[in-house]
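Take a look at the structures listed below.
Two complexes are shown next, each including chain A; its partner changes from chain B in the first to chain C in the second.
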Partner chain A sequence: MTQSVIDIRNISVGFTGKSGATLPVLRNIDLSVAEGESIGIVGESGSGKSTLALAAMGYLKRGLRLLDGSVVFRGQDMFSRTRPELEKIRGGELALIPQNSGQSLTPTLRIGAQLIEALRLHSSVPASDHVAKATELLGQVRLPDPKAIMSRFPHELSGGQQQRVALAMALAGEPHALLLDEPTTGLDVTTQAHILELLRDIARERGMAMVYVSHDLGAIARVCNRVVVMYAGEVILKGTTRQVLKAPVHPYARGLLASIPRLADHHLPVALDGRPPAPGGAGNGCSFVDRCALAQDRCRSERPDLAGLPSGELVRCFFYEQAEQLALAGNGAVPIQIAADGVPALQLDDLSISYHQPGLLDKFLGRSEAHVATVDDIDVTVQRGETLGLVGESGSGKSTILKSVAGLLPPAGGNITVAGGEALAPNVESRPPDHLRRIQMIFQNPDDSLNPRHTVAELLEQPLRLYFGLAGQALHDRSVEILDRVRLGGHYLDRLPSQLSGGEKQRIAIARAFAADPDLVLCDEVTSALDVSVQAAVLDLLNELKEKQGTTYVFVSHDLAVVKALSDRVAVLYQGRLCEVGPSDQVYATPSHPYTEVLLGAVLEPDPDTAPTLAADDVVELSPPAQGCPFQRRCPRKIGAICDTEIPPWHEGSDGHAIRCHLGIDELAAVQATQAAE
Partner chain B sequence: MLRMLLRRLFLGAVTVAIVSVIIFSGVELLPGDSCTAFLEREAKGKLLENCREAQGLNRGPVERYVDWAASAVQGDLGVSANGQKSITELVGNRLKNSLLLAACSLALGVPLAIFLGVVTGLWRDRPIDLTLSTLAIFAMTIPEFVSATLLILLFSIWLGWLPGIVLTPAHAPASEFFPEILLPVLVLTMVMTAHILRMVRSSVIEVMAGDYVQMATLKGVPYWRIVFRHALPNALLPAINVVALTIAWLLGGVVVIEVVFNYPGLGRMMIDSISDRDLPVVQAIALIVATVYVGVNLSADLLTMIANPRLRTLHMRRQ
Partner chain C sequence: MTSIPSVPNQNTRLARFLLVLRDVMARPSGAIGLALVFAHLILALISPMIVPYDYKAMNSAMMLTGPEATHWLGTDHLGRDVFTRVLLGGREALLVTGIATPIAVTWGGFVGIFFGLVGGRIDEVMMRVVDAFLSLPWILKMLVLIVTFGTGIEVLIPTLAFFYGVPVIRIARAATHDVVARDFVSAARARGHGRMTIIRRELLPNVLDTLMVEGAMRWSWMLLAFSSLSFLGFGVSPPTPDWGLMIADARGFMSFAPWGVLGPVIALSSLIIGINLTADALAKALGIDRAQKAPV
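What follows is the complex of A and B.
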């Protein structure tokens, strides 16, 4: 057995609660990481996974304290080192890549200065070579034009570039071990896949040990050899990646896997109901008992130990042998399809939107600059009862289109019509109440979209009063009815958003939208801020409401599997231009637009036996090219000069499937089939 | 960048112009004018008529405004109703004195406030923070005339170290105001230090709890280097605007202190002119104070923009 680099021994971490009692955040955790090994730590938010990773550096967030145990990094006890000793280790032999690099880079310092600081502190490179070395590091993490990046400020880089800078900074100290705290959360699928490949390569090259914290099992599957599953501050399952992701023996791990939407599955993912106990609220028994399908009396009175199995896994469950009964996939509800009558609920004709608003001075002087529209040339029809998914990377204009339909951003050109052929006024202020009622929007983050000072009752009563003139008992009854419909109850009426969990808040946001009895509901990344298990519950709820109300959805998400789970038809956007539209089964299969191909190739399945197919040197662009096909610079199927000069034509397939490319559908099918054969 | 500077300058000028209209209309709405004030009981009949004729008060308000504004732009603020002296000269002396008082208070108060703000922010909830923060609250809440009186009692009556009142005439050169100016400076410093300290403290706490400070810690950057290189340049950005507001307050709003110490500054002149109904002087001072507010805030915004790379590059790229 190789020597362990990081040795976490029976560590417990806690804080002092309002009542004065000590509440544990981590409970008796053992973990050792060997040289060159990469370990994944997974769990929902609040499971203590980030706290554990930071504790490996001898660091605890303000308010937390070490209750028991120790962390040994290469023979040194991290919690009994002096500050100068820790400063030598941190960023040197042991480096961290943080969750949000955008906020973790100092905004007032140039990238070069921050990299050189790391070199100055932790490397043997002489000061005269710092600039050259820093530039070289930026090149190693495959950033284009490292020299230019050196003199940039953090906010001038894209999310993926910031993450690469963080990686370069970590590599500056030539670390033995790398701690990664959700390093790709919030990045586009393509960017994420490229960063993960880069990490794999670099870790293998240098023999670095990695601790990879993530809630994304797809990323874990790609990077890690072994996986630790955490729940409520405890390790509940530990094994090789294949054991944990293919045939997990703990009910929670199985539930977690079942709640992930998959591209290949035609069912909705299954939600894990309930929520983890608050710190200190686990009681005497198993912490998962309230959400467990296998729970028995013994689970409530006795806390199971982490038991070793003959196959090598460690599991904290009395009844792990029965866990196999719980399905991993294919057990969810079937997505409802009700678009039958062929009446268009929403029609976008030649829609174009530009964020550039002429300033007062420009208007005064009569100047008008030619600006490339953010979103251009969008023609889409959504049938009544249909769900249209909009997919694309960040900056592809998917949310921009929703904002225009909602009237929050007046289009620069084109028409938006709703059922009955009524054109919508460009501004929400000039729309009649009936139009406002018929179109409702649900936003990404319920923390921002729900007024924190309004109770649930006040939130729901506003649309009911405004659109239906309800008052008194009728108003109350209707609010309760709506709450029941989103599977909350009347007892939620008096609560404030701060008293709800993330999933409950999003349900309230959904309830508020449905209180208006809308025809069309616009969903803008509604599950992105939620844990997977909660995401599954929200998807299930939206599906159920569609069946009961016959609602039409426009569903925007950067997660292709989530869109697939719910959508009847899908539109793929690149740089604000449509690439492909069609029934979701056809869009997600070949032949498809080269951009759809790139996006699908980058999706990571929570399965260690799959690998993404990535285009080499794929870089995210910030603005579309001035002429020709918008995707020309990244296209793996580029045929020549025609792509640079001419806007490609639409090629129609069956069932309204259409691809916008200089290659015809048959030609695309041929090239893509050849590649699949290789 | 240049375009944005010109735009802000233009907007600032528009603001001052609007304020000047408001000031002029306000004074116009008051019953009586500088002639009725000057002539007092004799303000009737031929005498009043002649006075108004002489001061051009019988012309229409628009005409008089244009005349006033045009000369103000050229630095001529007209003549005072009492004694017919040049306002530019009268106010000029007072402005110089107010600037002296403000400069001394700022030179003492701003570095002290920032230093103490950083100290309380870094040692949050420790005894030193609790002591200083409590003192700051006292300094802010005790009315200025009370703290001024207490300081006079302590330093000039009991200890006899400093003069408790300013006797130097308004037109004396700056150097002659020492050491009389020290007590008013001390009182002003107390009040402004408290304000700036509390702002800097909360800003330091926020930045020190931020992601990039945590990252710098976990990158192995020594503590004081984190403080000076990573945290303070960000934490002190909001201080620029508070300091700007303080400057504006010092130049126009310290009436009470000037009265208590008999200091010949702008604030006291304003009060005196109001009670004398010397309306041209009131107008002139109001205009100066407004211009100072606009100018100081404009400079603060520009300074923030230069110090904050986010804003700087935003405007650079727009070019």
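What follows is the complex of A and C.
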């Protein structure tokens, strides 16, 4: 056994609650990370995973304090070091890469200067070699043209590039261990896949220990040898990545895996009902007891120990032997498909949207600078009762299209028509009330879309009063009815959003949209701000409402598996232009357009036996090319000059499947087959 | 990690008000501040009934006498009882500023929220006008108006309300900008609510806290302004007792009869300090970081 680099011994961390009692955030955690080993810490928000990673650096957030235990990093007790001693270790031998590195880079300093500072403080490299070493590090994190990057400012780099710079800075101190706190959350799928490959390779080359904190089991599956599953501040399961992700022996881990939507699924993910106990709320028993299908009396009165199994796993459950009965996947609800009656619920004709606004001076001088529209040339029809998924990376214009349909952003050109062939006015202010009622939008983050000063009753009252003129008892009855429909209930009426959980808040946002009795519901990343187990419940609810109300959805998400779970048809966007439209089963099973292929190939499944295919670079351009195919710069199937000069035509396949490429669907299939054969 | 809140019995406006009030009183600054403000308000109400002397009764035999058993704060240059005049001296100031402050906060707040919501070029132009206005010294602007229209209450109230509403525009606009960017405002627009409904239902409840704290601050500054005007002879006319006026009258004798100045100064500053302490505690109770707000 190799020597352990980080040794966390029985630590407990807590804070003083309002009542004066000490509430634990971490309870009796043991963890040791050996040289060259990478350990994944997974759990939902509030499980204490980030607190644990920071504690490994001897750092606790304000208000938290160490109750028990110690952290030893290479023979040094981190919590008894002085500040200057810790400053030497942190950023040097032990480096942290946070979620959003863009925020941890100094905005006013060039990348080169920041890297050199890291070298000066944390490495033995002589000052004369700093520039060369910095350039070398940027090359090692696979940034194109490291010399040019040296003189850039952080804001000139994309999110993925910033994350690479953060990694280069961490490597400057030649660390023995890297702590990564959700390092790829918020990045595009293709970028994420590239960064994870990079991390894997670097850790392997240097024999570094890694602690990788993430809620994303797909990312963990890619980089980690061992996985620790946390729940309510406790370790509940620990084993190799294969053991934990393939055949977990703890009921929570099984529930968590079942709640993750996968590309190959033909059913919705299974929701894990309930929510974890608040700090100090776990009682004497098992912290998972309230949500556990295997719970018995003993689980309520006695806290299970972390027991070692012959297989080497550690599990905190009395009945782990029965856990295998619980499904890992499978019996989720089937997505509702309403027979489309051929009536278009929403039609976008040649829609283009631009954020560019001519300046006053330009207007005055009559100058019209040629600029490229953010979203251009969108032709899509959504049938009544159909769910159209819009997918694409950040900046692909998916949310922009929704905003335009909702009237919040007037299009620069083209038409939007709703059922009955009625054209929608470009501005929400000039739309008749009936149009407003028929189209409702649900936003990404309920913390932002629900007014924090309104109670649930007041939130629901707005559409009901506005569209139906309800008041008094009728208003109250209708509100309760709507709450029942989203599986909440009348007792929620008096609550404020801050008194609800994330999932409950999003249900209220959904309830508010459905209170208008809409024909068309626009869902903008509605599950992105939620934990996976909650996400599954929200997807289930949307599915159920579709069955009851016959609603048409336009569902936008960057998460391809989530879109797959609900959509009948899917439209793939790249830089504001459509690439591929078709039935989702067909598009996901046999992606034709090169971009769809790249995008789907980069998706990470929570399975250590699958690997993403990285067919194209993840270089991000800020704007689409002025002419030719929008995907020309990254396309692995580029055929020649025609791609650079001519906008590709639509090629139609069966069932309304269509792609926009200079190669036809069959030609692309042939190219894919040849490549697979090689 | 957040704890799950217990199910509340009521989330009414009253419940919230009481909660905030309790929080303010639990802070030392809030407790002292509120006590000072309330003491002043009560004194202003009952002082005519409890004063020991007639405030305008002159006594040529007892001019500028020092504090003693019969005249606790001595007498002024006309032999009037200083204690009596100090007790009565805040009534006019409190009346004028008590009416002018809510008017200032209301109109300034409304205009600020409106331009914060509308945004764009109109907003830019409007703010430059506000900046230009604020760059002139207030006392000059105010004197121009008062000299033109006279010094009665009917002029002072609208003048103060107008001048002290202008900086509120900026505060309200800045607070509105933070709120307008949030999705619930977009959601309200997408539902088709009108501008006034959005201001009233979505923006106002989220800007109100800032406006309340701002209102308290404006009140203390307005009191100071009112007293300054009186001091310069443009506020309350004699013989009505007023702190500013009393300070002006007594300052010539400060070297040998300091009580004439000290009485009104202590009264005025205790009120202003009380208001400021309350505003501070209120800002903390409401979670508003005043340091981050635009300096005016």
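Quick note on the criterion: the second predicted complex is superposed on the first by the 666 of 678 C-alpha atoms of A that agree within 3 Å, B and C clash if a C-alpha of one lies under 4 Å from a C-alpha of the other, contacts with A are read in each partner's own complex, and residues count from 1 in each chain.
Everything below uses one rule, namely that contacts are C-beta pairs under 8 Å (C-beta built on N, C-alpha and C of every residue); 3 or more make two chains touch, one makes a residue touch a chain.
Predicted model, so just to flag it, every value in this text is computed and none were measured.
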Next on the checklist: On the A-aligned overlay, A:Arg90 touches which partner chain: chain B = first, chain C = second, or both, or neither?
Outcome noted: first
Next on the checklist: Per the contact definition in the header, classify A:Leu23: touching chain B only (first), chain C only (second), both, or neither.
Outcome noted: second
Checklist entry - Given the superposition on chain A, which partner contacts more residues in chain A: chain B or chain C? => result C
Checklist entry - Taking the superposition as given, does A:Leu496 touch the first partner, chain B, the second, chain C, both, or neither? => result second
Next on the checklist: One more residue to check, A:Val428. First (chain B), second (chain C), both or neither?
Outcome noted: second
Checklist entry - Can A:Ala529 be said to touch chain B (first), chain C (second), both, or neither? => result neither
Checklist entry - Can A:Glu156 be said to touch chain B (first), chain C (second), both, or neither? => result first
Checklist entry - Touching A:Thr108, do we find chain B (first), chain C (second), both, or neither? => result first
Checklist entry - Do any residues of chain A touch both chain B and chain C, and if so, which are they? => result none
Item to check | chain A partner contacts - residues on chain C that touch it in the complex | outcome: 1-5, 7-8, 10-11, 182-184, 186-193, 201-202, 205-206
Checklist entry - Given the complex with chain B, which residues does chain A contribute to the contact? => result 54, 57, 59, 61-62, 83-84, 86-92, 95-96, 98, 100, 103-109, 117-118, 121-122, 153, 155-156, 169, 173, 361
Next on the checklist: For the complex, give me every residue of chain B touching chain A.
Outcome noted: 7, 209-212, 214-223, 229-230, 233-234, 307-310, 313
Next on the checklist: Give the list of chain A residues in touch with chain C in this complex.
Outcome noted: 17, 23, 25, 46, 48, 51, 275, 278-281, 403, 406-408, 428, 431, 433, 436-437, 439-441, 443-445, 448-455, 462-463, 466, 491, 494-496, 498-499, 501, 512, 516
